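Consider the two complexes below, in which chain A is the common component and chain B and chain C are the respective partners.
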Partner chain A sequence: MRLALWWSGRALSAAATLLGVSVLIFAAVRMMPGGFAETILGPFATPEQKAELAARYGLDQPVFLQYGHWLAAVAGGDFGTSMISRQPVADELLARLPVTAELTAFSVAAALLLGVPLGVLTAVRARPRGGAAAGRLLSGLGVSVPEFVLGSLAVFLFSRYALGVPAGGYVPFGQDPAGNLASMVLPSAVLSVFALSATARTTRDAVLGVLVEPYVTAAVARGETPWFIVRHHILRNAAGPVVTLVATITAYLLGGALVVEYVFNLPGIGSYIVQAVGRRDYAVVQAGVLLAAAVFIVMNALVDLAVGALDPRLGVTGKGAA
Partner chain B sequence: MRALLRDLDGLSRAGLACLALLVLVALGSVVHLGGDPDAIVGPRLQPPGPQWWLGTDNLGRSMLPRVMEGVGTTLLLSSVAVLVTAVVSAGFGILAGYRGGYVSELVLRLVEVLYSFPAVVLAILVAAVMGPGQTAALAAIVLVTIPLMTRLVRAAAAGVARRDYVTAAVISGARLSRVLGRHVLPNVSGTIAVQGTYALSVGISVEGGLSFLGFGVQPPQASLGVLIRQGGTYMIAAPWLVAGPCAVLVVAILAINVLGDGLRDRLEPRQPRSLT
Partner chain C sequence: MRHTRPAVGVTALVLLAAACSPGPGAAPGAATPAPAKPGYLAVADPALPGGGTLNFQVHVDTGAATGLDPQLADVATSWQLMSLVYETLVTVGPDFSIQPMLAERWETPDPTTYVFHLREGVKFSNGRAMTADDVVGSLKRLLASKSVWVGQLGPVKSVAKDGDAAVRVTLKEPYAPFLAALANVPAAVLPMKEVEDKSVDLATTMLGTGPYVVGEHRQDVSWSFRRNPEYWAQGRPALDAVNVTIAPEEAARIAALQNGSASMATLGNVDSAGMLAGAANVQVLSQATTDFYYLMLNTQAPGSKFADPRVRQAVNLAMNRTQIAEVATGGQGKPTGVTPAGLPGACDPATLPSATGGGAEAARRLLAEAGAQNLSFTLAIYSTEPAPAVAQVIQQNLQQAGITVKIEQTDEATWAGKVYGKAPAEFDAALSWFAGYADAGMVTKWWNPDVAGFNAGFMKADAALSEAIDAAGKATGAARTEALAKVCQEADRDAQMIPLVTRPVTVAYRTDALSPSLYATEGYGNVLRLLPEIRAKKAQ
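For the complex of A and B:
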């Protein structure tokens, strides 16, 4: 009962945040330069034409009514029409989703499959040879190199020296599976550098935190093997922060792999938003930004549930994961 | 200050030295130490040589003064933005942490809304509203860095607010402004300093990313992001156009992050580092 209460409270709080986000985005889009009427009718429109257009699209109504209409439409899956392509924004975004989803999947998989073992290993092994400073510098480098720097470097190396993997462009999986995977190698690699370093760092910190617990000392005293201790005592107890981080990264990538998609010329959601800002296609900007934030908020709420399930003490005491 | 320097480990001191060097370079560019950034000094797209240490760009301008100017723009923009963030976050964070209750709830809610946007997405939204340019980059950095700092300052202030010396100050009749400014602020200044350092590195990377996409600082003014964007066009023929600014950018971010790690170990032990 208490748990159900906590969960519904979490869902309510997520809904409140989402509402705040929608207000912010609605206000932001209304403040954008170049009015709707000018964009549609051009600079030589008469006041009568503008008034007619405003009436047709409901722009003469009070702001909060407009907001209400917009919110109702969005809730029904109608994100408006792109002013450039004249297509429904929802369809356009949906068409680009596979690219972004594929990119996200590969990067997150790399972070999980490499980052977590790396973090566990560096935490369990007492001191890596070469000194702590070298390790700090290396993992620091991984989170310090911006995506556009790493991306530019990759594009340069792979397009200048023909290393066998295309440095940009996209091939749909249905057309050419091998070509599709090849075109994903570089962008995913660039994205996963940050994801991997961050995951390894967080895993290491979490495992180090668990290692000092008395039950680990007791397990060592009982003569259990290190591998057994890691599997039975450490992994689940250290999972909380790692799950949170990986979910955050996933949400960020789904909505915000803008730079990498732009650098590698991938037709995903991110590069679409960049393009839309450049062309002042506000309906697309509005929808893209709202989706990115919504994915993040929903993911955050799910993570709290997952962390609560991993460590039931959190739910009972009524404290969510920080 | 000297005690602080002594306590920093070697790596963090190296980071501080790097940062100081970059500031000197930026100051040097103001008096055209490396040459006039807008002067055309030679043929186009020349590789690095004795006359132009970092090569020349597509108009025949020497890259060295351009990069120096870029460092200055990027550092100045990010520092001003982080100062704004620090003032706003400290104000709201301390008030929320001290007052608790609905004030705290309200501040946390507002911050949560900002926190829900991926950094680049928020930056691009700001750029779309304000129009591309320096002001947009500045506002974007402020909005991206405010949530985390406000949250952490609030948490620190909530801890300080329960201490005896704060109670004593309240009992002895100190006004709210005095309690907050004299007793709470100094005791959360460590958190502000550490988070400010990290925010500076986030700011540099946001400015770079936004300018790289073409929505931040606009040419002909140079910033590190602008230089990387412009150099990208000629990357295959003239990789040095991108290499110089990229290297400086990475060194700057890394130096600041390392310095931040050292400051955190010194100023607020046992606090885990956050990522964004």
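For the complex of A and C:
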């Protein structure tokens, strides 16, 4: 019952958030300088052609009406039609989703499989100052160097020196599975640097926080092995912030890894949105942002559930606190 | 043409990284192009067997908002891709002479009549033979359309069949660029039977007589073309297939060339040749074009700083086109007047008053006469290279004449909104480029806003200039060269749109994958013009 109530509250909150985002993005794209007609049709377009384009996509109507029509259509699952490709935006997003999802999956997997052990290791072995400092420096660098710097360096190095991994371009999995995996190595690696570093830092901080807890001291006093202590006492109690972070990163990446997709010329959601912003393709930008917001909302709800499962005291049903 | 701010950083970073790479002398395996025929940058080796695939990368897709209708295509990127499928009655040779295409010959019994004799055995890719009705219908459809190309086609009076294998076009008055205008994609021969019975929608489907047919198209992602089995030219095209990848980021195209996933690509940055200098098996060529940059001075904004022609002429005098060409285009561009440098009959920009009039000092005097000694204005540009570099040279040139220029760099959409979004337009000065086409008189028409309505927001028609443009359209032979020179003089004086330098295109290809044919100079922005001749060196 409490879970049902919690889900109802979440759904209401999500709907309100999405409504707010829809208003903001709808207004924002129309406040961007530069007209869609000049951009999409080019400089040679006549006033009649511009008017025809506006009428075709309902952009000649009052803004409030435009918003109402758009919102009603979105509620019915219709995200509109791209003014550039003349294709339904939902179809275009779906066609690009596998690329973005694959990129996200690889990056998050790297963050989890490498970042968490690294964070634990640098925390439990924090005594040697040099190692801890090096770890902090590396993870600091990882979170602070922009993706476009790493991406363009990777593109240059891996294409200039033929290091065996393709630098740019995308091969669909169905066409060539090995080629697909190879084409995702560099973009995923670049994208995972931030995720990995942030995960390592967060894990380290969380583990350090748990290490000073009395139950850890007690476990040591009981003579439990270090690995047992890490697995049963530290990781479980330190998992909350890490799960939250990884979920946030996942949501961010699913919304489109804008820069990396653009630099590596991957036909994902991110590069689609970048191009749509540049061309003032309103329906695409609106749908892309709304999708990203929805992903964030869903991921946040999942995080709350996951954290509750890991630590019932923080659970959504409040059973642990009872 | 569409880049984001991160992209500027990316390019800068790659440039930096390239600076650390071995120079041209250290390039292992760098190939030297075979000596080409006059007028050609490269000539494909006919001894190579046919077959194979061209993997080509460009920065932007067709302007698909107007659909895939070739008659509405108004940008060179669209023309290039559509030329794989569509063909015209005539085409242009390496020296811009008009050459047969779907018309195997033509006659001009008088200066206003053209009779085109159609090539036999031409079929659309659906297997139906091309007829005179297709040609007549296509031209009539174009003339009735809203295409910008109607203005270039000239004063066509009538189009009619002349028997089953010929078409007669009658003009209202002589018009020298007529054949050159027929040589571009908007004048392509369309499958009019299918268009009229609505079995083909040209906005969404490409069906032509050209060497390739469309396999698949994902807007802004890729195209795949395969050989047209019905193609009329024996033994052509040599390549079985063409894959086009849309890669907006220049660094990605460079990487694709380096790692071999692209066998050919066009590049925008003049420094890209340096970036690829150390790459094995990559040849970089600079193809001259008739396209050119020009500066717009807005005379129509209320209280315009450029309403006084002396102020515009001062700006014109103070600019050093040679320096712009050297610095901003790496010496690959050429100073030009309104008749594009490189085209037969084009005027010599070095003889124009703006080049001989005394430079910055003369500009200062003119400004003083006009009471505009402390002139300052904002120059609107977009971020695509080399526009920022051109703007910076202009800024430094004008500083010598005491003119302060503030450069306002925005994305292309913002720029387009300022320049073309409203009338009067909301900018002081702006930088852009025009395709220069294949006849020296064609682009001059855009200097008359009564013909080129898209310019009316920032310039007004100048009677003497418009008269000179019309006269050049009607003139022939030596008289035409004089008439074109007059157009140059008038445009130089009017100075509402000031021609600057030509815009070269960098073409790079893998020497281990491709034996290309390329003209030395291109008029319609079509790097793939000689695609049917291009041969692959290995099966891909």
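The rule is simple: the second predicted complex is superposed on the first by the 258 of 322 C-alpha atoms of A that agree within 3 Å, B and C clash if a C-alpha of one lies under 4 Å from a C-alpha of the other, contacts with A are read in each partner's own complex, and residues count from 1 in each chain.
We take it that contacts are C-beta pairs under 8 Å (C-beta built on N, C-alpha and C of every residue); 3 or more make two chains touch, one makes a residue touch a chain.
Treat the numbers as computed from the prediction; the structure is a model and nothing was measured.
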| item | value |
| --- | --- |
| Which superposed partner A:Leu141 touches (first chain B, second chain C, both, neither) | first |
| Which superposed partner A:Thr17 touches (first chain B, second chain C, both, neither) | first |
| First, second, both or neither for A:Gly42, with chain B first and chain C second | second |
| First, second, both or neither for A:Val274, with chain B first and chain C second | both |
| Partner chain in contact with A:Leu153 - chain B first, chain C second, else both or neither | both |
| Which of chain B and chain C A:Pro117 touches, first, second, both or neither | neither |
| Partner chain in contact with A:Pro33 - chain B first, chain C second, else both or neither | both |
| Which of chain B and chain C A:Gln87 touches, first, second, both or neither | second |
| Chain B versus chain C as contact partner of A:Pro226, first or second or both or neither | neither |
| Chain A residues contacted in one complex by chain B, in the other by chain C | 32-33, 146, 148-149, 152-153, 155-156, 159-160, 258-259, 262, 274, 277-278, 280 |
| Contact footprint of chain C on chain A as seen in their complex | 32-49, 53, 82-87, 92, 95, 146, 148-149, 151-153, 155-160, 162, 166-169, 258-259, 262-265, 267, 271-272, 274-275, 277-280 |
| Interface residues, chain B side, partner chain A - complex | 9-11, 109-110, 112-113, 116-121, 124-125, 127-129, 131, 201, 205, 208-209, 212-215, 225, 228, 232, 235-236, 239, 242, 246, 249-250, 253-254, 257-258, 261, 272-273, 275-276 |
| Contact set on chain C toward chain A in their complex | 2-4, 6-7, 9-10, 13-14, 17-18, 21, 63-67, 74-75, 146, 148, 203-204, 218-222, 245, 247-249, 251-252, 254-256, 258-259, 261, 278-279, 410-421, 432, 453-454 |
| Interfacial residue positions of chain A with respect to chain B in the complex | 16-18, 20-21, 24-25, 28-29, 31-33, 133, 136-137, 140-141, 143-149, 152-153, 155-156, 159-160, 198, 201-202, 205, 245, 248, 251-252, 255-256, 258-259, 262, 273-274, 277-278, 280, 282, 285, 288-289, 292-293, 296-297, 300 |
